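The structure under discussion appears below in the form of structure tokens.
Chain naming follows the written order as A, B and C, and within any one chain the residues start at number 1.
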Amino acid sequence: MSNTETGIGKIAPVRAVAKGDGGNRTAWMGLIVLLALVPLVASPFHLDIASQIFIAAIGALALMVLTGIAGQISLGHGGLMAAGAFTTGILYKETGAGIWITLPASVVAGAVIGLIFGLPSLRLRGVYLAMSTLALHFVVIYLGGEYEFASGASTGIFLDPPVIFGYELYDGQAWYYALFLLVAGTYWGCSNLLNSKTGRAWEALHANETAAEALGVQVARYKLLAFVITSGIASFSGALFAYYQSFVSVEAFTLFMSIQYIAMIIIGGMGSLTGALLGAIFVTLVPYCIEWLMETVPYLGLDISTASSASHAAFGLLMILFLVFEPSGLIGIWKRTVARFSSQSKKEGVQ
Amino acid sequence: MKIRHLAKAFTLAATVAAGPVLAADDEVVIGLSAALSGGAAGTYAAPAEGLKLYIDRLNEAGGINGKTVSLVIYDDQGDASRAASNGKRFLTQDDVQLIISVSTSATFAPLISQATRQGVPILFAGSVCPAETMPPAEPLLYCSTGFSSVHDSIAMVDYLRELDGDATVGFAAMGIPISRAGMEEAERIVLGADMKSAGVEIAPPGTADYTPFATKLIQNGAEAVLAWSPWSVQIRFFDALRKQGWEGNAFVGHLAEAELEMMEIKDPGLYTVGSNAMIFEDSKATQDLVAAVTESGVDLHPEAIVDGWLGGIVIEEVLGKLGDDTSAEAINAVMSDIEIDTRGLRGGSIKWTENNHFRETIYYRVYRWSDETGAMEIARDWKAYEVE
Amino acid sequence: MQIVANIVVLTSLYALVASGYVLVYKVSRVLNLAHGELMILGAYLLVATSAGITSDPLIAIALTAVFSIIVGLSVYLLLMREMTGQPVLAAVLTTVALGILLRGAMVLIWGPQQLNVASMLSFENASVVLTDSIRVSTASLWLVICTVVVYLGLLAFLHMSRWGMRMRASGQNPLLAAQRGINLHTVYALAWTLSTFSGSIAGVLVALDSRLDVNMAVIGLKAFPAALVGGLDSLHGALIGAGVIAVLEVLLIHYVNPLLSDVVPFLVLIAILIVRPWGLFGTKEELNRV
């Protein structure tokens, strides 16, 4: 019963996956070199998509740690990103503060909000907790809207490109590299965290709270810590979104955004940081692929006026397919494929 | 139909770099970011199609002044992030010389922030005019549409005073900044004119039932109600008022849906105040528009595309004045000093100056349904208002 | 006094929608986050039947009821049945995905425009004068009546009929119920069908009262706090929760700031859940607490 109530532990064996992530060093290095070369060949449009993926990846990593590792469900992820974006936007607009002030301030703001909205998690679980995090979204959007209206920013808050060490971060390639480094850093930070005492405590309370408490894990402390840390990261990615897109407005942070982040961790594969990255890539690309399909396969009888609804429908369908047929997500498919190939090559080696 | 045109616009998301759309010497590349799909498409898809139709006809007729227009259309779904993406694509990949926006106010901020940095002008041709286009205007931002929350409010209150100067007026807004700003301004004008206000009711975007809002207006003694928000919201407010037996007059913004919906609602107490002509009057201008739509064979309601059509006229006139230099800078120079003949679809010309990218004089007409004739009628003909 | 009428109408709406959440949650512990979309689908089915099959409003509504039952049944048989035995969260997320799919599909089929369903059915939504100071629309009146009928019907069904007993038993202890020979799949299918049916009634009446577009699925989200405040597995709790939320919303609109009417219900929800994590009338679920 406890498993069906708190839920997600079943989807993927958390420990095994988290450890497996660190695995193949050469493959990772190769991938990093490959990614570093992308801007040399990619068009600005593709770089823009890549940058969107990077920002989504940071947010998805945060949600993966909170939900996939620590087992706390949140529907307020979009709200947290909005909080980060608005902190940065308001600070910039009101005081002209630079990125070295706005980014840390956004992280702190996110962490504080995470603390406040993490408190119900000490009493609530499962769907009840998810519903209480929904309040977070509405509160942040309400406050942001009030600020926009009060400050006369009827179309939103504009941001100039951030200046780092005298260099203005504006160019698509520069953003690509900057965000790439930040994703790598976040990934590295998260995986270190998971291998620390904190990470083990989270896994313990995810697997079984009562047992974890019996084993001496301070459940309340670690739950709140999970909310604080991941909210800080989510808020950070919201601030990056604001700088990258050069604007902040409430309309950019919808409830659908929170659902997209949940979809990222499901499709990527619960409990795996690499899964969060794969999920971010997948979910960001879906609408573009749908539009591309509508372009190249005109016989579908769909035209551009249906692009948004078609990608909505496809997105819902994909989520369902993963939940029903592939609960371990893309990372599960990947592992199976690798396992099949390696067992095949072993066989061949034997012969 | 649309797809074929868009083929140029979409590059393969999965494959290696696609080359930018390079402009030939006699070709002006214009980017159009529009809410072609998504929740707001009901309002914006038709004007965007109208604009495209106009430009297609221009090109078929051999262009303007020897120049043809290459229109790059991206769907922004009325979504801010998509609009930001579109803006980046226009500027870094398609090298457009002008951007046109036919979409929700949510998409303004990202487009403006991208385009102004690159010095590319934006024409708002289907949506509410952002405050940045009004005096003192920001450089590069222009608006040709018939509506602006503040000026519409001025015209609404003015007409209301002509009808009944003693009325207590209630205001219905939606919880988005631009709608709130308009209605709060309208309340200030009403109070300044020694009329009584029944208060501004602001419904959050996700409102399920407008009845409680309407009740409050009625109980505060509203004899007339002004509304300015997306059509679906203003009309639900109106429905909610009528459902409680309210018999006053409602004055709402003239949006793309207005004419078709009013012919269905058939309520003489519902007035639209706006600066576009309606199709029913069957003037030379509207006949031309209807003929063009019929001829094109596109499934469009002429009533819904007027703003897009006017956007096309603006492009035609701007390019007509453009010399050999077709850079964004040159286009902006032309736009900041031009008078555009609206050919009978508006009360008068659109005149832009260095300081005013909205227009110097705006003309408003009031329409309503008439029970006597069983048809739409002009409740008051064009009246000019100076824009300060 | 009109305020009281408004509260009653809004309570009925939230209660009718919340009953759908409760029915499914009560028997299977799954929170159906696609309920708002299923409700709007009911209204679109009415549009489809009235446009394609019959122009008689009453027959159209009856046919819509039949279709909504088929929809509810197929949602369970084709989708949610696959999720039995899976973690509850996975099932809940499946309903989220279903909601998104339905939303996209409805726009694909019926377009993004707002539809005037009342005029399509030539239903005149006249204002009914109850007293001098109280008027409600015909559709709202029907909404109140239908809510009362649905609640009475559901309570009678759950407490007096054999299948109602089976549903309650399966909700309380699925294992024991299965051992006693109750077919859980039938019970779950029944719950999904009833839930979609009552949701469709709400959807049809809301669409007749105002107008119809896909964004109205948001009503499902607003009825959420109602179901949770009352306790997700209690039908009369849902009724009272709906009352609490409706009173709060109408009073906020009337006396405080209408923009808070989106936010405050959720804050109240948190406050109540912190004191009583299982809602006002819900069954205490030991395992749901720390």
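Methods note: a contact is a pair of C-beta atoms (placed from the backbone, for glycine too) under 8 Å apart; a residue touches a chain by one contact, two chains touch by 3 or more.
Per UniProt, the chains are B = ABC transporter substrate-binding protein.
Quantities reported herein were computed from a predicted structural model and do not represent experimental measurements.
In terms of C-beta pairs in contact, the better-connected of the chain pairs A-B and B-C is A-B.
Ranking all chains by how far their C-alpha centres lie from the centre of chain C, first place goes to B.
Distance from the chain A centre to the chain C centre is 31 Å, each centre being the mean of its Cα atoms. Between chain B and chain C the centroid-to-centroid distance comes to 37 Å (mean Cα coordinates, whole Å). The multi-chain contact residues of chain C, meaning those touching 2 or more other chains, are 112, 221, 259, 262.
Residue positions of chain A touching 2 or more other chains: 145, 306, 308-309.
Residue positions of chain B with contacts to 2 or more other chains are 37-38, 41, 45, 175. For chain B in complex with chain C, the residues that touch the partner chain are 37-42, 45, 175, 201-204, 206-213, 215-216, 218-219, 231-232, 235-236, 239-240, 242-245, 264. Remark: chain C residues 29, 31, 79, 82-83, 86-90, 92-94, 96-108, 112, 221, 224-225, 228, 232, 259-260, 262-263, 266-267, 269-270, 273-274, 277, 285, 287-290 touch chain A in the complex.
Contact residues of chain C toward chain B in the complex are 2-3, 6, 9-10, 13, 111-114, 116, 119, 125, 127, 129, 135-137, 140, 206, 209-211, 213-216, 218-219, 221-222, 249-250, 253-254, 258-259, 261-262. Here chain B touches chain A in the complex through residues 1-3, 6-7, 10-14, 16-20, 36-38, 41, 45, 73, 75, 77, 79-81, 84-85, 88-89, 92-93, 104-106, 108-110, 112-114, 117, 130-132, 175-178, 180-181, going by the rule given at the top.
Of all residues in chain A, those touching chain B in their complex are 41-46, 48-49, 52, 145, 148-149, 152-159, 170, 172, 245-249, 251-252, 285, 288-289, 291-292, 294-295, 298, 303-309.
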